Structure formats: structure tokens, C-alpha cells
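Each of the two complexes below includes subunit A, the first together with subunit B, the second together with subunit C.
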Partner chain A sequence: MERDFTARGHHDMGGLDGGEIDRAEHDYALWEKRVDALMMLCTNRLKLMTVDQLRKGIEALPPEAYDEMTYYERWISSVTNTLLERGVFTADELGAKMEEVRARYPDGVMPGGAAGGGC
Partner chain B sequence: MSGNHHDRHHHGHDHDHLHPYDPEHHHPHRPDQDDTMTYYRLMEEAVRELMIEKGLVTPDDIRAEVEAMDARVPANGAKVVARAWTDPDFKKRLIETPKEAIAEAGHDIGPMKLVVLENTPEVHNVVVCTLCSCYPRWILGIPPDWYKSRSYRSRVVREPRAVLKEFGTEIAGDREVRVHDSTADMRYFVLPMRPAGTDGMSEEDLAALVHRDAMIGVTEVSGAR
Partner chain C sequence: MPRFAVGDRVRVHKQFPPTPPSHIRTPYYIRGLSGTVERICGAFKNPEELAFGRPGTPEVPLYRVRFRQKDVWPDYDGNEADKIEIEIFEFWLDAAGDGA
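Entry: the complex of A and B
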């Protein structure tokens, strides 16, 4: 099937319809700032990725995920995928570490996206 | 984080909405995420620890970056604006060589290109990033939630005057409104117009008039405190 390279991506919303702007703001949580910090270190100091790679990873999210995830959820998902692609750590290492971290939270872990509306 | 967020959220402008807390008319809040472990928080913790274990970063590196980001606040941009209002030579440098002028004011914006947009009686500028969230974060900090929202990104390029009106900003019909779409490599910063009746005010007092939203262009600076 021929691919339509002119098709508008889900992230590309300029000029579309949109509702009233919700001007409520939230204070950034420490974990969100840490994601931002990790991205800054990965781009500026470690040269492991670029801002465009971050965007590429975010733009590759399925539309439903893009809408459901919060801003920094999209970031950490994109950063993690890029670091996996770069071989900074393996999927096995990540999986084992996530299980280790999960075990620290006996009250359980909410599924992704449950902690806030998409932005 | 928790407990006082009703008091701490604000709308970026201060001439209305200063209503007492009323659950019937309050904006919905995102739940605080510091006290709820989610899948993506777990991912952040795991990735951070892997990076530390592999010797790529240290906990101090992360802490230093968080602190550096916390230090990037709209008041920094406001000082730049106030200096431009009071020092014509600085204003000229700010518009012609923004990166160097911003560096003079103590802010390193790295390899990023910065374009300063001067508001005039003829032209009002407003900034957006339709594709994501690109923003002059080195002098304003992290963008507000609405800047990253579908509604702002989609509409401001199509009906800017209607969007500005939602922010309480009416631009005269004969004044041009220009919308500037940021990119990952180039960010815009709006130099608002100095309000009337501020002659003789100190640079510090002028800076106190300049709020974040005026440097994005969704509001103007008012002389009234």
C-alpha cells in the first residue's frame, strides 16, 4: 500500500478545531522535573539523543496513547525508547529494574495515564 | 505538594479570577502525582537508577539539573523586558543579537536560536508551538499546561483574537496580530509594550509589572498594579 506522506500526524494540530482553553495549571511534581533533568543530561552532556529524537518518539505514539498520557509520561516513554534503541541498557535490564522498583511500592502501581488527563 | 494546590494554581493574569475557593466554579485539577505510583513514574525511577548504575549520571547531576530548572522562572524574562524598556542600547542588542543580550543578563540558552518579537502599536505578537511545546524555557521556565494543550495549539493559529479574548486580551481591530510557531531549534520571546503611565518607574518596579503570559503574547502588560 502506498504511504501518504502528506497525511497530518496526530501531534500536528495547528488550525484544527479545539475547545475552550483550560487555563488551570499544575505544579510540576518532582518525578516530572527528574524526567526533564534526565532529558537535559541526555541531550546536552551525554549526547545520547537530541530534542528531535524526543519529539520523534512522542509523535510515534498511537493517537490514543498521545491523548491519554500526560506530558512527562510521553517524555519518559520517548527517552526510554531512545535509550533502548541506542543500547544504553537492554530491555531485559529495564524489565528487571522496573520489577525491582515495583516491589518497593507494596500498595501497587496505577496503570499509566491514570494520574492525569492528556495535555 | 499536596494540600495547598488550590491556593497555588494561578491563571497567569491577575485582574480577575481572584475568587475565593468555590468547588462549583473551580477548574478541575490533575491529581498530584507525588503520592501515587504510576507506571510511568516507575519507569522514570528505573531509568534513572540504570543510568546511575552505569555511571552515566550521578544523583547530584540530576539534582543540579532540577535546581537549574527551578531557577528558570518568568521573573528572569521580566527583568530582561524591564531592562529593554529602560536601556535603548540593550533593547537594540536584544532584538538584533538576542542570544548575546540574554547572556549579558546572565542566561545561557545554549545552541538554541532565539528570536525576540517586539510588540508595537501596529503589531501584537503571540507565540505557540503547534507540534509540541517548544518554549523559551531558559528565561521563562517550563511552559504552562495550557500552552501544551490541544485547544491552544490548534486554535491560536486559526482564531488568535478569539483565543486572546479568552485570556482577557482585546487587540484593536486595526492592529495586526502575528502568530509565531516555534520549533525545536528556534524559540520566540515576546517583548511587550511598556504601558503608559510608567515614566520614572525603576527597572525593578517595571519588572514586577511583567508577567509570564505577556512574554508569550497572550496578555499585555498593564501599568496598574
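Entry: the complex of A and C
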């Protein structure tokens, strides 16, 4: 009897009941376009990471986070973690930058439909 | 050189560590099942290595493997002849005997 050393990742949903598919069309928010552009820069131009790393980072999200995040929130989470691991910037530098950006919007509302916690 | 040829019977094996931290491109539902090589897609850098920022070389042959739907889904009630094709890298495949 062969032992099964593999486990199903949370993202690996083939054959499971995934519920209703949302087929609604929607426009991309500015921050989503920026996340996409950032990813293109990091992979194609700057060679800081690969799309395979992006995918690994998304698949490594805890199930609750994976389910709660939107598509581009998963992207920016994975990009951020990969660049942190790679030492492109430190957690302190990231935190300081986020505080600096947050201070520009004292009422907590960012332009372009960015959700709380977005960049 | 690809290890398998078109028409060969192959079996998707299961001997891989659980995710995370490994990165697996072969869907869970197909592991352990046998199918037939439908075509050889070429050789590509190993995405399961690229995912860790490693070079992914040497390149690995990629196959399109054809499975019978009724072998994949226990309660499949579609046409007997229905197939599903999945692209699988060579290191996930073992030779399988006829009728496996």
C-alpha cells in the first residue's frame, strides 16, 4: 500500500464544490492596476522575483486569508512577502513607508478605491 | 530526451511532500491515477523550483496526459468516452502497466 505523502492545498479546489461563480464584469480599481504594474516591474524589468514565486506566495496564505482577500490583495500580499524575504526592503522600512502614506489621508479614505490595508 | 512517448501508459505518483512549503503544479485530484501520454509539449524550466527563486534548470519534459473522466470522478455519469487532459511534468510520472 503506497502511502500518500501529499496533501491538498487550500487553493487546489479541483473536484470540490466551489459554490457559485461570480460572472459579473467589473472595472479595475487604480490600486489593482498598480499592483499589476508593480508585479510586471518586479518580474520582467527588475528580476526581483518570478511569477512562480508570486503563485507560491498566494498558495501559502492561510485558508482564512486566502478566502477573505480579493484577487489583487492576494497578489500584493505575496509580492510584499517575497520582497521582504529577498531583502529588497525591511519590515521596518515597509512599516515606516505605510505610516507615511497613511498620514497623507487623515480621514482614512484613500483615492482610487483602495481598501484598508492596501498600499 | 523525454522518458515517455505518445501512447505510453503513465501513472501520476504521490510521493511529494505536503504543501506548504513545497510548491506543486499537479492537481490533487489526479495524483495516483493512470492515463495515456497524448503529446509531448516540450521542455520547460521546473516551475516547482522557480517558485523558490531557484534557476529551475535543467529543463523538464512536460506531457499532456489523457485520463478517462470515469476514472477520475467516482460518480461520473457523463459519456463513457469522456476524457480529461492535464499537462504534467515528467518528474510526477511513472511508467504504468496496461489497464492500470
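The definition used in the following text is that the second predicted complex is superposed on the first by the 103 of 119 C-alpha atoms of A that agree within 3 Å, B and C clash if a C-alpha of one lies under 4 Å from a C-alpha of the other, contacts with A are read in each partner's own complex, and residues count from 1 in each chain.
The criterion applied here is as follows: a contact is a pair of C-beta atoms (placed from the backbone, for glycine too) under 8 Å apart; a residue touches a chain by one contact, two chains touch by 3 or more.
Because the structure is a prediction, the values reported are computed rather than measured.
Participant: For A:86 in the superposed arrangement: first (subunit B), second (subunit C), both or neither?
Facilitator: second
Participant: Once the shared chain is lined up, is A:21 touching subunit B (first), subunit C (second), both, or neither of them?
Facilitator: first
Participant: Which partner does A:49 contact after superposing on A: first (subunit B), second (subunit C), both, neither?
Facilitator: In the superposition, A:49 touches subunit C alone.
Participant: Once chain A of both complexes is superposed, is A:65 in touch with subunit B (first), subunit C (second), both, or neither?
Facilitator: Neither partner.
Participant: Of the two partner chains, subunit B (first) and subunit C (second), which one does A:108 touch, if any: first, second, both, or neither?
Facilitator: It touches subunit B, and subunit C stays clear.
Participant: Quick one: classify A:7 as touching subunit B (first), subunit C (second), both or neither.
Facilitator: Second partner only, subunit C.
Participant: Determine, under the contact definition given at the top, whether A:98 touches first (subunit B), second (subunit C), both, or neither.
Facilitator: Touch partner of A:98: subunit B, not subunit C.
Participant: Take the contacts of subunit A with subunit B and those with subunit C, and give the residues found in both.
Facilitator: Looking at subunit A, the two contact sets intersect at 12, 14-15, 52, 55, 59.
Participant: Contact residues on subunit B for subunit A in the complex?
Facilitator: Result: residues 1, 5, 8-12, 27-34, 36-51, 54, 56-57, 61-62, 65-66, 68-70, 110, 128, 130-133, 142, 144-146, 148-155, 157-158, 163, 166-167, 181, 184-185 of subunit B touch subunit A.
Participant: Could you please specify the touching residues of subunit C with respect to subunit A in the complex?
Facilitator: So the residues of subunit C touching subunit A come out as 14-21, 23-24, 27-29, 31-32, 47, 50-53, 56, 72-73.
Participant: Under the stated contact criterion, what part of subunit A meets subunit C in this complex?
Facilitator: Its residues touching subunit C are 2-9, 12, 14-15, 49-50, 52-53, 55-56, 59-60, 86.
Participant: Within their complex, state which residues of subunit A touch subunit B.
Facilitator: Contacts found on subunit A: 11-38, 40-41, 44-46, 48, 51-52, 55, 58-59, 69-73, 76-77, 79-80, 83, 88-89, 93-94, 97-98, 100-102, 105, 107-119.
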